[in-house]
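By written order: A, B and C. Residues from 1 in each chain.
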Amino acid sequence: MNKFLNAICAGAVAALCASSANAETLRLLTWGGYAPDEVIALFEKKYPDIDVEVTFSNNEEMVAKLRATGGAGFDLAQPSVSRIKAAQSEYGIYKPIDISKIDASVIEPVLMDSVKKYATIDGELYSFPHQWGTQGLIVDVSKAPDLKGWTDLCDPKYSGRVSMRLKRGVLLGMAFDMGMNPFDAYDDPAAYQAILDKLEAKLIDCKKNVKAYWTGGDMLSNLMLSGEVVASDAWDSTAFKLYSQNPNIRFVPTRTGALAWIDTFTLPAKGKADDAAYKWINFVNQPEIVTMISKSSGAISAVKGGKELMPDAAREAVNLAFDDAAIANLKVMPSVPAGLEDMEGKVLDRIKAASD
Amino acid sequence: MFDLQCDNLTKMFGAFCAVNDVSLEVPSGSFFSILGPSGCGKTTLMRMIAGFETPSGGDIRIKGQSVLSIGPNKRNVKMVFQHLALFPMMDVGENIAYGLRCRGDSKSEIKTRVAAVLDRIGLAGYEGKRISQLSGGQKQRVAIARCMVLEPDVLLLDEPLGALDLKLREHMKIELKQLQHQFNTTFLYITHDQSEALVMSDNVAVMNAGRFEQIGAPEDLYRAPSSAFVAGFVGDSNRWSGTVTALDRDQVKVGLDGGATLVAPLAGGSSGQGGGSSNTGRLSVGDTASVFVRPEALVVTPGLLPDAPDRNRLQGTIDSFLFNGANSRVLVRTSRGELIEVDHRLDGGLSRESVGQDVTLEWPHAGGICFKAED
Amino acid sequence: MLRTDTGRLSLILLFTPFALWILLLIVLPQIGIGYLSLQVKLAPRVYEFGLANYFEFLNEPIYWNTLLRTAWISVLVTVLALLVGFPVAYYIAKIARKRSRAALFLLCLIPLWVSDLVRAFGWILLLRETGVFSSLLQGAGLIGEPVELLYNDVTVVMGLVYTVVLFMIVPLVSTMDGMDNALIEAGYNLGGSRFTVLRRIVIPYAMPGIVAGCIIVFMLCAGSYLTPVLLGGKNSMWFTEQIYQQFITRYNWEAGATFGCVLLAFTSLAVWLGLKLTGQNLASTVAKD
């Protein structure tokens, strides 16, 4: 598309990265907590000729950054599996991954299959699983013991005492709890719009319950720890971290099942250090490294027995949240088809702009 | 009837006394100047009269009424500021109308009054002009008109000519005097320029270090200064210091360091016009005294003449010749090394070629004046 | 000859950084944004040239409501900043002694030493339900239970005024500093009351500073992001937030670019309107003397 703009951006990024040309550099674009300093130190000790540079980001910004440069500027990215297909077909920012260079035997087969299902384009696999987790509810069980599902957030008795993140997670969760299956409608924009319309009405109606829409993990943590809100939608990792500070704050997978996400390793289209990237992937799948990363990210590794490799407190919180039924009930979030972001975005805007 | 009276007015800034026990009375319709060097307290005095400063002591009366409790915007005393303070965002008409609008005059009345006053100052039809379009002299007149349209009891003028160039300043001196006649209003004029004060005023108060040294008509100040300060500040003077060697009625004999002796009348003796009490006090033999002689009292005679009993004589050489038309001067270096200014008379026989020539300075005993030296 | 050549060379050398800055960092990106806003997406990787993005903006009330809301709050903030800033500036320029003037000015600058983010969090700590004010009010017995002072428009306005008031004070001080005290005294001397002097002399004189300050403050508000997003309530949408969302979370660069152009055009229009209404022009306010 806009080659002119791309050229400018690529030039700027190239200029910024030119300084670190000497030794091989692995430029990692990942989530906060996914590449703790101690792990980088160990990696650089093992491979003295590789420098690791980390940029922390989130799904949307990862895609935006790579789109700005046409996939240059980074050697390894970690978007969720749901952000592979549409982004690749629209912007061509990734390149296929060579699974033969990775020890895939350590990975939990269920997760490997999910990634294969959602990140294979034209027969080529683009991603490799790294960590996974879920999106559900975070609840202070001492104040809202019977809050079990998404629609319970709209229960009048919690008026002004709940929070939400006004993003797709809350749309999907609400839809399931209202008896609809948004994933089935992913390929049918009209049907999806019908679902969105119902969600819009529901969430505008629900607004009076909301104290504030949270925009960052810190804001959510503060709201929960101060007791200003009693429940919110949340990532389980946030809940597991807060559990160690207040054991009443639990993660509730919800009666319709938590929404599962898998963060992947994906190679940007113009990455220049593929070998180093493969080395990094294999490195972080070692059991002791898995524990270090899980400790700092709060998420569960995709390796076999990832849950057992979590730090003790987090493992306790996970076990408290998920029984076998809850695990079986997980809803893995599929790829988001192109165009859906826009439809969802407008609904979210209307909800935000509406007065309660 | 006095338009403005100040009784024992004092202003202290902390421990500093800016105005010290000053009293003055300005008769209606007169042009009164306060003359003094910068820092003498004259601006503070004026600001007290305008109401911008509160006196530490004493009283100010306008038309007999004390105005101490009246705010600056309610006193019928208007002021022309040093840099005029015309409002740059208003045009000429609005500047003049400002005071009338504050007073609450009707629109039509304001219009006629503004037109009338502009006509009086010779700027008829200038209502719509921007201030920046006016010349220096026109601005001056607008600033005065802006005050006069309010028919004040007293108009205060704070060195308004200071910012003008010399030529215009000379012209404006005359014009101001005429304006004062025309409006027949009491003017209180502040300046450090003695020629402005002397030319325009009916009465001048010479101020120094917060006090009035002397109040009087310009010619009295010039002819009969009552203090060494006034003698030195008003007009040009040559000054000698020496020791009193003899006292004879009003005549003082002063021995100069080099041996010469000058005779001069003691200040306040012969002429009682001075008004201010002589602060030279009693002179006695052995005191240090100063003798002041105006340049026009001196006569230069070629050649070295001996001392004479009826006049003062000093010998010297012509140092330089300062031509300035009627105000030309000759500088004579005396044998003691002083430079003396002498009025050059065109018929005096001296010219540029005379420089270096030996001459004798002489003047009658009554041509000088003697003060007890201050410290 | 040599002299004019070196003169020209030094002129070029001095002008180049400025020209490059304008060209590379302002003009080129803006052209890029303008170009992008005219790209209409037909299908993945298929674009067409057209105005559809602008029609999309006009057809969606949420978007222009957000813009109007942003504009209205920005105007409100500008007015409040003027009301708060004017007395402060007057005090610094006309009443404070020369020596304390620099210190007062520095005091005004102190908030700028802390980043926007930290200042916003400062407000959050003070105003949240379990925050300092709420606790103090409870402690004083004025309120029975915790009160939420955060997450509403009042907080946004307050936070913005606090952030931008300095940019109002600086031009006001510099304009009023140049004002001869004699103008004010003349105003009183000719019979003006305090109010008359303020209205007819001080304000007209300070007008270029007022307009310059208002332009800066309005632009800063309309373009601010952190403060409205962090302090804003659940109903508060800010236009820059909308732009961010289009660019980042929707991957809709075309719409984001369109919004950016609309914001630029809108604020320019507002500034032009402001100058017209106050009878000022850019030369008299920004490039005064």
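One rule holds in what follows: a contact is a pair of C-beta atoms (placed from the backbone, for glycine too) under 8 Å apart; a residue touches a chain by one contact, two chains touch by 3 or more.
The shown structure was predicted, so the numbers you read here are calculated from the model rather than taken from an experiment.
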item: Most remote chain, CA-based centroid, reference being chain C; value: B
item: Central subunit by CA centre of mass proxy; value: C
item: Pair joined by the larger number of C-beta contacts - A-C, B-C; value: A-C
item: Rounded Å distance between chain A and chain B, as computed from the means of their C-alpha atoms; value: 89
item: Centre distance in Å when chain A and chain C are each reduced to the mean of their C-alpha atoms; value: 36
item: Separation of chain B from chain C, taking each centre as the mean of its C-alpha atoms, in whole Å; value: 56
item: Residue ranges of chain C in contact with chain B within the complex; value: 180, 182-183, 185-193, 196, 200-201, 204-205, 207
item: Contact footprint of chain A on chain C as seen in their complex; value: 28-29, 32, 35-36, 39, 44-45, 47, 60, 62-63, 65-66, 128-130, 148, 150-151, 229-230, 233-235, 237, 242, 245-253
item: Complex contacts: residues of chain B adjacent to chain C; value: 50-52, 71-74, 77-79, 81-83, 85, 87-90, 98-99, 102-103, 146-147, 150
item: List of chain A residues in touch with chain C within their complex; value: 1-2, 4-5, 8, 60-61, 63-64, 67, 87, 89-92, 160, 167, 207, 210-213, 215, 222, 226-228, 338, 341-342, 345-346, 349-350, 352-356
